[in-house]
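Got a structure for you, questions after.
Letters are used for the chains, namely A, B, C and D, taken in the order the chains are written, and counting of residues starts over at 1 for each.
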Amino acid sequence: MAKEKPVKNNRNLLAFEQPLQAVYQKLEQLREIQESGKMDMSAEIKQTEKRIEALRQQLFANLNPIQVVQVARHLMRPTTLDYISLMFTDWVELHGDRNFADDPAMVCGTARLDGRSVVVIGQQKGHSTKENIARNFGTAHPEGYRKALRVMRLAERYGKPIISLVDTPGAYPGIGAEERGQAEAIAKNLREMAELTVPFVSVITGEGGSGGALGIAMGNRVLMLEFSIYSVISPEGCASILFRDAKRANEAAVAMKITAKDMLELGVIEDIIKEPLGGAHNDHQLAARNVKQAIVKHLNPLLPLSHRELIADRYNKFRKLGIFNE
Amino acid sequence: MAKEKPVKNNRNLLAFEQPLQAVYQKLEQLREIQESGKMDMSAEIKQTEKRIEALRQQLFANLNPIQVVQVARHLMRPTTLDYISLMFTDWVELHGDRNFADDPAMVCGTARLDGRSVVVIGQQKGHSTKENIARNFGTAHPEGYRKALRVMRLAERYGKPIISLVDTPGAYPGIGAEERGQAEAIAKNLREMAELTVPFVSVITGEGGSGGALGIAMGNRVLMLEFSIYSVISPEGCASILFRDAKRANEAAVAMKITAKDMLELGVIEDIIKEPLGGAHNDHQLAARNVKQAIVKHLNPLLPLSHRELIADRYNKFRKLGIFNE
Amino acid sequence: MKSIIIASDLSIHDWFKKKKLQRETEYTREKLDIPGNLWVKCYKCAQTLYSKELEANLKVCPKCGYHFKLTSAERIKQLTNGSPFQEIAANLTSKDFLGFTDTKPYAKRIDESIMKTSHKDAIVVGLTRIGEHDVALGAMDFAFMGGSVGSVVGEKIARLIEAAVEKKLPVIIFSSSGGMRMQESIMSLMQMAKSSAALGRLRENGLPYIAVCTDPTTGGTTASFAMLGDINISEPGALICFAGPRVIEQTIKQKLPPGFQRSEFLLAHGMLDIVVERKKLKETLINLLNFFKN
Amino acid sequence: MKSIIIASDLSIHDWFKKKKLQRETEYTREKLDIPGNLWVKCYKCAQTLYSKELEANLKVCPKCGYHFKLTSAERIKQLTNGSPFQEIAANLTSKDFLGFTDTKPYAKRIDESIMKTSHKDAIVVGLTRIGEHDVALGAMDFAFMGGSVGSVVGEKIARLIEAAVEKKLPVIIFSSSGGMRMQESIMSLMQMAKSSAALGRLRENGLPYIAVCTDPTTGGTTASFAMLGDINISEPGALICFAGPRVIEQTIKQKLPPGFQRSEFLLAHGMLDIVVERKKLKETLINLLNFFKN
């Protein structure tokens, strides 16, 4: 859920944010004094806050890819349900694939976006270990993909736009998932998403992990948050397979080009959504406001399109992706 | 599989067929003598065979409902795969619901009926305990109904007629079946069958057991073999619930009106398919020939109908069923 | 017919769910007609409740949350707040067309049920309003022969849906049913086909259907119109199944686990969209009707 | 992340199936290029086989039935019996557009693979005849960078399907692939979307697609075009999966059961329509093509 005091989130500092540690400590001391009523430290507090902002600006001005990965995976980064509660009204969560189970790693439901009915789907991570276990760390089983497809078809039947919020390390690699057709579930989603007759906008909000992300991410427009990532395999996975050493994830992250900027250059996404200073986890409200604005901006031009135009638009978007010699 | 010597099946005599026992024994003795070459018994053999036929004719002329139930459940009664091998060519069995499992209690596949591509679905019983265990006694799980739906949709996509062969005591009542939505699977089939845009003929070949039978039996035409049954609950089940005594199944069978003749009178089916003397198990080939003829007869008028007409035809067929005071 | 299978890495999730489902499997046998008494005993927690208070709480036990069964009239009243209810096919009554006699003639059972419940059969259907929405609404009466579905129930559902198609209305049906009415034999089975086909037509016409399973929804009812919602809803703790618990226990020769075939179980197994308390039911329906409309 | 769940009365069936699957989980590492030797050793039964005899037996071990991998050329030859093969997009080659270097530059890998296999990339697609049927046929080469799917494979599949739509032909694709080509990073992932979207278009045009999974079909390949057949076929014993066995073993920290993720396992779990021996493959395809045609 959204935090009242966004600054609190900062305390969960990433490795590259360590320079902030000392300044934060100072800020806390100043505040204690202020609150004790012994001295007026408001000027010093203001100044320190400014220093924090400046330092953060500096730190985030040029993140390298592996730092972006850290921000994208930040425990306090807004989750799908955080965004839903901040961007939509009248949310009704719909459960179940009508086949086998309800998968808590995937949430789906109906909502209103500025008064317009939409369907929302997305992977759900947690903000704590307990939540993450309950949500299987945002890694869905086939049931999750089938639930998403069921709800997308519901949207289609009643002509409602679809918003997908993508945030997953990948589809879950386990025995039950294989038994129940993880590959089949994702594959079917890809084909069916291509054929949807309603406007469809996908936003990669955190980790866009391979087929597990793509399985709900075939929007007419695909957007990414500034510090989210999108990749065919995790940097760690790539390093261990191609670089023969899982510790070379940094190198792999660089080589793979996984940032929003890379995606925009390659034509994989249509837009980058600006994050609050220091990353979306620093200000859920502002992050959600930006995401909502971007969704509205990209959804609006799709609304007048016919069924046939929407399918053609989506087909063309993905059809043109690929670089080769001819 | 079909038997070369249909007479062999007779040996599995039902209770009410016991009068045949002595005559069969005599026939066997005569044949042994004949085969030994010691004496020519061919005249006596012929005469005894005629006696068997006459006796059988007499026994089967007026079966009561519970006797019909016994014939409908006869272990040697042709199964769905028996009919398929005798009525169609180019059978390719298709497996799996693309969700959870392949259910051996339901068989589905593509075939040709006099050179025309059709899709065939049906519950599968066995001719032995071993086969019956493998086929779960023809009682399908949700997977079976979902496989059937998948294959019916395949037929629809390519405009092929559907033939369903119905022979089941019912859908399986078990933990897994409930967990995976037996009710949901059957319900969805009912709605989807109503909306199929291709010609669809259902034949109740043995036991038409309740929702488990109906789950694949919503043809534009529903036919029944002479000694098959169709009922909302088994006579035993009805007796134990309504008559408070499972042993009153005879009474229940009479009260419930479960024979082909009853169904024709109630308008539930369109035609009764004549069985070979002594029941379909006495002559698989002849039974299959009769079933095939009936299918062709009822399928042909459906072939020229448009999608819309086929749906309307099916809707009207089921819409009109119901008797009440207004 | 059972064995242990090592399965499913969904198990943590299942395990959490299962912990939550520590509830009795036994079906609560509720005496359906609360007489004119001032006091009522809760069928679940056995506490004595003041009738008026129970009534005011939508017939949900204020102590333990047990959802008492509602009559169709009570259900309609709770949802429509006195909006006019234009009943459809109000005069249909069941007919003993097979001359079916078990321990009692069906004709007699019909008469007695009509006398006892003052309903004509096990469902009331009609057009009304919920919030700002015109809807086609059906509500079953479990008190009428266990909510069993015969020709009358099937016919009324079909007419309700056909009216909805004609007037372009969403359909909501509250199920509460022991299954098909055996006294009408095959004709009751055919009501599964008829009602499902009507729902297919509704769907082809782009009109939504919300199915609400209330305690209990079993047998052919579940295997037809009760499970076919665009959205499937249920009240907490409702028994919802195809084969009843006793049939399964007889088949597998063992006791069923607690919570088996209850709403929360069906939610965990992907068959229901939402389990919603009665006091939030109307709000949820309006929310969903808004979704479909705008 | 695992526990024991009491589940499923499908267990007898499962049990029978499992007995049948007493096979090694270990992935057979086949040296792909059988050199000009007269004799070959079977990778499964280790028997020494006469090359010509193996060839004549469609590269299926006559002793143990092991299905050796086929090149695209061998596959096409076995199915078409010398019918002309009109190749599509024959000249496409991969491009190192990211300047991707792991232990070796991608550009160099491409060149070496072309040299080693004399294929331009990991799939050959074109129009040809099987029996009496004109078809759009694709066959992958596992020898080319493990059959990994990059822009070239995705593009060729899309063009094949578009040609099929234009000429109203059924599509058949033989997969043999380790998954997406990581050296093309996100662009390889996008080939899953592209190929699946093309198959959606094929379907909208009422044209059939038969997917044939051969050993091995894994990762994003399985999670896109390889699993999307109107009919999904496989050869016996093929590894077919989303996550590979090693990944799963690392995740769950235990050994996988024998036969896991093999064709027969997928058949039992409802993902494949038919598992068919190579010698009956052509006949089965023709039978299915007949079905779709008439």
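Just so it is clear, a contact is a pair of C-beta atoms (placed from the backbone, for glycine too) under 8 Å apart; a residue touches a chain by one contact, two chains touch by 3 or more.
The model shown is predicted, which means the values in this text are computed figures rather than measured ones.
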(Q) A-D versus B-D: which interface comes out with more C-beta contact pairs? (A) A-D
Q. Taking each chain's centre as the mean of its CA atoms, which one is farthest from the centre of chain A?
A. B
Q: For chain B and chain C, let me know how many angstrom lie between their CA-based centres, rounded off.
A: 33
Q: Please report how many Å separate the Cα centroid of chain C from that of chain D, as a whole number.
A: 49
Q.
Measuring centre to centre with CA averages, how many angstrom lie between chain B and chain D?
A. 40
Q. Multi-chain contacts in chain A: which residues touch at least two other chains?
A. 98-100, 174-175, 177, 179-181, 184, 188
Q.
At least two partner chains per residue is the criterion; list those residues in chain C.
A. 1-2, 6-9, 11-12, 14, 203, 252, 269-271
**Q.** Residues of chain D defined as touching chain A within the complex
**A.** 1-2, 89, 91-95, 97-98, 100-103, 150-152, 154-155, 158, 180, 182-194, 196-201, 203-204, 219-220, 222-228, 240-243, 247-248, 251-252, 256, 260-261, 269-271
**Q.** Residues of chain A defined as touching chain B within the complex
**A.** 98-100, 146, 180-181, 184, 188
Q) Any idea which chain C residues touch chain A in the complex? A) 6-14, 16, 203, 206, 208, 230-232, 267-274, 284, 287-288, 290-294
Q | Contact footprint of chain C on chain A as seen in their complex | A | 90, 92-104, 110-112, 115-117, 133-134, 136, 141, 143, 147, 154, 157-158, 160, 172, 174-177, 179
Q. Within the complex, which stretch of chain A touches chain D?
A. 171, 173-175, 177-184, 186-188, 190-192, 194-195, 210-211, 214-215, 218, 230-233, 238, 241-244, 252, 255-258, 262-263, 266, 268, 314-315, 318-319, 321-326
